[in-house]
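Chain naming follows the written order as A, B, C, D, E and F, and within any one chain the residues start at number 1.
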Amino acid sequence: MRIQIVNPTTTVAFQEKNLAAAQRVASAGTEILSVSVKSGPPSIESHFDEAVSTIGILEAVREGEAAGVDGHVIACFGDPGYLAAREIARGPVIGIAEAAFHVASIISTRFSVVTTLARTKIICEHLLQIHGFEHQCRKVRASGLEVLELEETGMAACRDIVEECRRAVIEDEVGAIVLGCAGMADLADHIQNEIGVPVVEGVTAATKMIEAIAGLGLGTSKIGDLAYPLPKKLSGSVRHLEIGDSGPASVIRKN
Amino acid sequence: MRIQIVNPTTTVAFQEKNLAAAQRVASAGTEILSVSVKSGPPSIESHFDEAVSTIGILEAVREGEAAGVDGHVIACFGDPGYLAAREIARGPVIGIAEAAFHVASIISTRFSVVTTLARTKIICEHLLQIHGFEHQCRKVRASGLEVLELEETGMAACRDIVEECRRAVIEDEVGAIVLGCAGMADLADHIQNEIGVPVVEGVTAATKMIEAIAGLGLGTSKIGDLAYPLPKKLSGSVRHLEIGDSGPASVIRKN
Amino acid sequence: MRIQIVNPTTTVAFQEKNLAAAQRVASAGTEILSVSVKSGPPSIESHFDEAVSTIGILEAVREGEAAGVDGHVIACFGDPGYLAAREIARGPVIGIAEAAFHVASIISTRFSVVTTLARTKIICEHLLQIHGFEHQCRKVRASGLEVLELEETGMAACRDIVEECRRAVIEDEVGAIVLGCAGMADLADHIQNEIGVPVVEGVTAATKMIEAIAGLGLGTSKIGDLAYPLPKKLSGSVRHLEIGDSGPASVIRKN
Amino acid sequence: MRIQIVNPTTTVAFQEKNLAAAQRVASAGTEILSVSVKSGPPSIESHFDEAVSTIGILEAVREGEAAGVDGHVIACFGDPGYLAAREIARGPVIGIAEAAFHVASIISTRFSVVTTLARTKIICEHLLQIHGFEHQCRKVRASGLEVLELEETGMAACRDIVEECRRAVIEDEVGAIVLGCAGMADLADHIQNEIGVPVVEGVTAATKMIEAIAGLGLGTSKIGDLAYPLPKKLSGSVRHLEIGDSGPASVIRKN
Amino acid sequence: MRIQIVNPTTTVAFQEKNLAAAQRVASAGTEILSVSVKSGPPSIESHFDEAVSTIGILEAVREGEAAGVDGHVIACFGDPGYLAAREIARGPVIGIAEAAFHVASIISTRFSVVTTLARTKIICEHLLQIHGFEHQCRKVRASGLEVLELEETGMAACRDIVEECRRAVIEDEVGAIVLGCAGMADLADHIQNEIGVPVVEGVTAATKMIEAIAGLGLGTSKIGDLAYPLPKKLSGSVRHLEIGDSGPASVIRKN
Amino acid sequence: MRIQIVNPTTTVAFQEKNLAAAQRVASAGTEILSVSVKSGPPSIESHFDEAVSTIGILEAVREGEAAGVDGHVIACFGDPGYLAAREIARGPVIGIAEAAFHVASIISTRFSVVTTLARTKIICEHLLQIHGFEHQCRKVRASGLEVLELEETGMAACRDIVEECRRAVIEDEVGAIVLGCAGMADLADHIQNEIGVPVVEGVTAATKMIEAIAGLGLGTSKIGDLAYPLPKKLSGSVRHLEIGDSGPASVIRKN
């Protein structure tokens, strides 16, 4: 099985972290492809950043599909473009936020999310609402760190996150913590050791979820809402994403 | 006051309809700018179409901001990119679905939506959930028409829509109908006459909502979740959307 | 267009504030009629106060309808009797709470309400639930002021409200504040200047919403739930509200 | 124990039905006072009817309090004015809709409501939402009968109701039926025999709930939201409802 | 009428408390049978404890049914096995949590629960969600006491509970407190006197609710979801709970 | 990795089906232990059946823990006892309903469940509510088959299920079907071929979810709600489930 981890930013360090994290948990026989978007920002901290990174994600998913990968992980905690990506994919596609929510809700009754800047909390809250995890998630907390600070400051950043996680465990009375940024993928074990409750990290969670679903022989339903998009002429800066009448489009049905 | 109506498709006929619809309801002193995206598809019927049209919308909103417009309407019933657009706008931004939901919920206790292809219903359902109109909307109904058929077949298409609206009134027991596609902007009066219940059309509703909010002296909150995005280097096909350290970015605050 | 602002209390100072507030935002060509109820209390701070003021509101709406106004604003933050008022009105009717919720939810992702006495919070919470704004409103906060203190103490009262608004912005992390009392209509600009985030005030918001909806040619749906009430003999102290078989009742249908 | 059943209409036949129904289920030692409002309509089928009947209900509750009754039932399925009535009562107050929802949710997992005119369904739906019974109630169904037809046509009306109940059992797969009108109080046993599933009728359910709560030594909480209203001068047609500084008002606290 | 109060623990002191509490509120003519489970733990503070106590509850309900009791109370605040118990009972069955929620929601708009160990809060939260009281209950609070400490420490334990109740009234702004453990049945009056707001205690509330429902001539619906279980051969340690083809099973229907 | 699949019934045919299903999807290196409960019914079709089977499940989970398995699957679509089982397990525990909901919600936007008898639908609906999948699941449908008929009638039963699935796809407009009974584990491929949309079967889904979570190095959180139960003396028919002060209990903490 081949799983493509899409880093929706142009920061190569994240791509490397993703690869390391995914390989650490991958089953024997699973090959991890870790890529970064060609179109997008160096980090994602707003709806605008998400919108522009989505183009890069769709480019990458399309390339991954052409290369025959069995599933895709969108390695940003806002799960940008996950529904659009599902439409153009045969196999399963999952964002790291959604994946972490699923896992955390199975190993605990209530969890909290610890993320980066406060302004990203609304993105997480909308995902919790759409995916149905509002009861399970007691609180979305911001550490106040910018995404790229995670790279630059290393363990200093980690201390702030550990402190926020500790507060979450005590104040929110949760049994698990979800780390709210792909940039924290290398910190999960350390944080878990520090705080003593299970820490769910999205890149690894998503990798295992894709393995599970693809391993069931299941992929994105191509009937109904997530069917391949109707082939259309695209213009301007998104022209290169045009889907012709051949390829995936050949199997679409109108519905 | 100047309001920009963004047609998120490249089909000029919609731009013309939007202009006519908005001008029909605009107050004296309101100038309507009707534009079509340069980047995007000819019609929007999937999450993929929405994702690519969002780039064109962000381009258009940025141009509108530079030109000093007082507010923006996103004239596609899926409200693509509305949160990203809000981040880069000073004035109010509203999608036609959200606008229609607000209006319909004030003139009736329950409404139904009549849209185009069945696969677009999920987009509407997610919006109803996020915006809080799940109780007010009894049902999202598809007429089965493709968006561009609205252009090509004219009144024949309209008959199918009228029939679906009639069924909605009787079966869903609603007091108002929301038309679920910008392409229906010219059909609203005819349909209302045929079915005898108020018909809310999004382009006109959104135009009046922008007039109302801008007329209150209010715009998108630049504090918190919808603050201007942090300036970042963008790469690849979205490179041209990069926001520099001057301009809006000069007033951002980190939060 | 003529819009009637109904002050559901007998305190004339509120009627004057409403007039000033509404006129400040009204479009050219909109005439504001500001009236106070003849039947009702001097201020509204309980369900009981709401129930008795509703009689005065229905009297006023009926008079406004006879005078041919195009829409009605109920200028109390509990929106007393808004559904009954809609039944006897041709045009749109909106309460100032509902109007403020609509506006605040468009310019921000999350808002908080700052109101008067703690006991009125439940009224606001019920409205948020019925109208679907529970996710958008993070918290309803009481300043602890009685409604009439707003009149008597002027700027002293305002200081307490400003402080509560500041706390809301910081603790609730909201991008907008909704003022929870018609008596605060003259304080909105001052508060917004003090706290630096958009402040939504209900009388002005409602005025613009009525302008918007009536400007669309839409009024309260007379089909279904909000149709004119069936004509009935009324007794006792509400006898004078009896609706005869002529007038509005002549267009009712049984459903 | 003395329980007052308030018929919020001026139709004496309902008062008599209420008396008979309540007496049938009352415990030994419970005295039933059945009264009709002096101010109000002959039947309640709209929000307007509810609003005007509320005045009569408040008059009656105040009289009942003066007479020392231990609790009040509001015998209209829309539960008009129940929160205002609670504010001026020492003992428990319950509407027949709320009472029936409580009982039905204990004897079944899912129930349906069968009511009169379609336009009253929205009132029931709002109550289900506010009281938290949306999951337990699968459907609110209208028989299409006007309230007063229940009086006039007797068993013919009953046949239509029985048929609607049967459809509810089969189509909605519910284990209990709630009758959605006080005017059906005398039909419950007959309908239950016909359809073979438990039928919950509100007047009787409310009587027993008041007995239960008053029997626990509990009454409406006078701390917080439902405290006695602040004493205020009332004007116009509601002047007679003014609450002086003595009496209940003497125990109020500002909060 | 005979009501069986099932203490789902093997601690006889609770059985005695239940008897005293229920008899204190029972109507003349109601006979209280207070029993303890034969199979189960000495106290219930986890899902595991609930699961094993359910066997004892089902044994007791079956014995009660054989003895012809008119209804059953499950006297543990987690309402263990209440749906299974309803299936094998003819009359009404209610847990003390559900009963207390119903009562508290009628005498106040918002209440808080004060329970024992923090780990039991999730059980209460799930019940609030399933029964629809999430809006009415502002907070579930733990006193930190183990259930059996209530027995051993008496008034010392009570002081901690009183303090937590006081905090609930002030911080949660509620009009009523629900005591979250059957072991607090004897403390309710004392606590209510101390804190000055209505205190709802489950054993007494449940007793009166059963009286009310059985007094209406209603019992658990035997049509649909709560019909008698299909007769089946049981094995192992639950073998003795087998329901034969005679008895209740004789009236089942397959659905 | 060793995963224990617990058949909560005494019907050995299900145990064999579970083994075959789980082995079909298990990764290389995963060993499947398929067991049946010793205490319980031959099939589960009611809350009563669930309650008694829970004892057998707890016995089996305890044995599995002693044998050092890495996770547990509860192979009944009602997920009986899953929270109690989690409390006594170190690794992850998942029911087949919950597992199927997670998988179906990732590969489609909306799914429907097709189960056995109508009376089991309420169990599924409660799970959907607690787990947060109410929006994703459009409808729970009963095929009308008893669980054991699945064994006896084989392909005839399957035809009825296929027909119900087809109706679900067309009427509910869903992109995936969840099979609502462990007894359908061997039918999934056939049904998927017949109806042409992805079919999610719980035993296989749960097996892969356990592989995923255990593969992440995560197990049930032992902090908070799902910590090991406090050691207690058990009586009667559940005496053998007593957890001593040694073993798991030695690591508990009071919270």
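Rule of thumb we're sticking to: a contact is a pair of C-beta atoms (placed from the backbone, for glycine too) under 8 Å apart; a residue touches a chain by one contact, two chains touch by 3 or more.
Just so we're clear, the structure is a prediction, and the values are computed from it rather than from any experiment.
Student: Go through the assembly and pull out the chains touching chain A as well as chain E.
Tutor: Common contact partners of chain A and chain E, which must touch each of the two, are C, F.
Student: What is the shortest path, in steps, from chain C to chain F when you may only step between chains that touch?
Tutor: 2
Student: What is the chain whose Cα centroid lies farthest from the Cα centroid of chain F?
Tutor: The most distant chain relative to chain F turns out to be C.
Student: Could you grab the centroid distance between chain A and chain B? Build each centroid from C-alpha atoms only and quote it in angstrom.
Tutor: 28
Student: Once you find the CA centre of chain B and the CA centre of chain E, what distance in Å lies between them?
Tutor: Measuring from centre to centre gives 52 Å for this pair.
Student: Counting only residues that touch at least two other chains, what does the list for chain D look like?
Tutor: 83, 109-110, 118, 121-122, 129-130, 135, 173, 224-226
Student: Should the pattern of chain-chain touching be classed as line, ring, star, complete or other?
Tutor: other
Student: Quick one: which chain pairs are touching?
Tutor: Once each pair is checked, the touching ones are A-B, A-C, A-E, A-F, B-C, B-D, B-F, C-D, C-E, D-E, D-F, E-F.
Student: State the interface residues of chain C toward chain B in the complex, per the touch definition above.
Tutor: 25, 27-29, 83, 92, 94, 98, 102-103, 105-110, 130-136, 169, 173-176, 196-198, 200, 204-205, 208-209, 211-213, 215-221, 223-226
Student: Quick one: which bits of chain F touch chain B in the complex? Just the residue numbers, please.
Tutor: That would be residues 109-110, 135, 173 of chain F.
Student: Enumerate the contact residues on chain E facing chain A in the complex.
Tutor: 118, 121-122, 125, 129
Student: Along chain F, where are the residues that touch chain E in the complex?
Tutor: On the chain F side, the touching residues are 10, 37-43, 45-52, 54-56, 58-59, 81, 83-84, 86-88, 117-119, 121-122, 126, 129-130, 146, 224-227, 229-230, 232-241, 243, 254-255.
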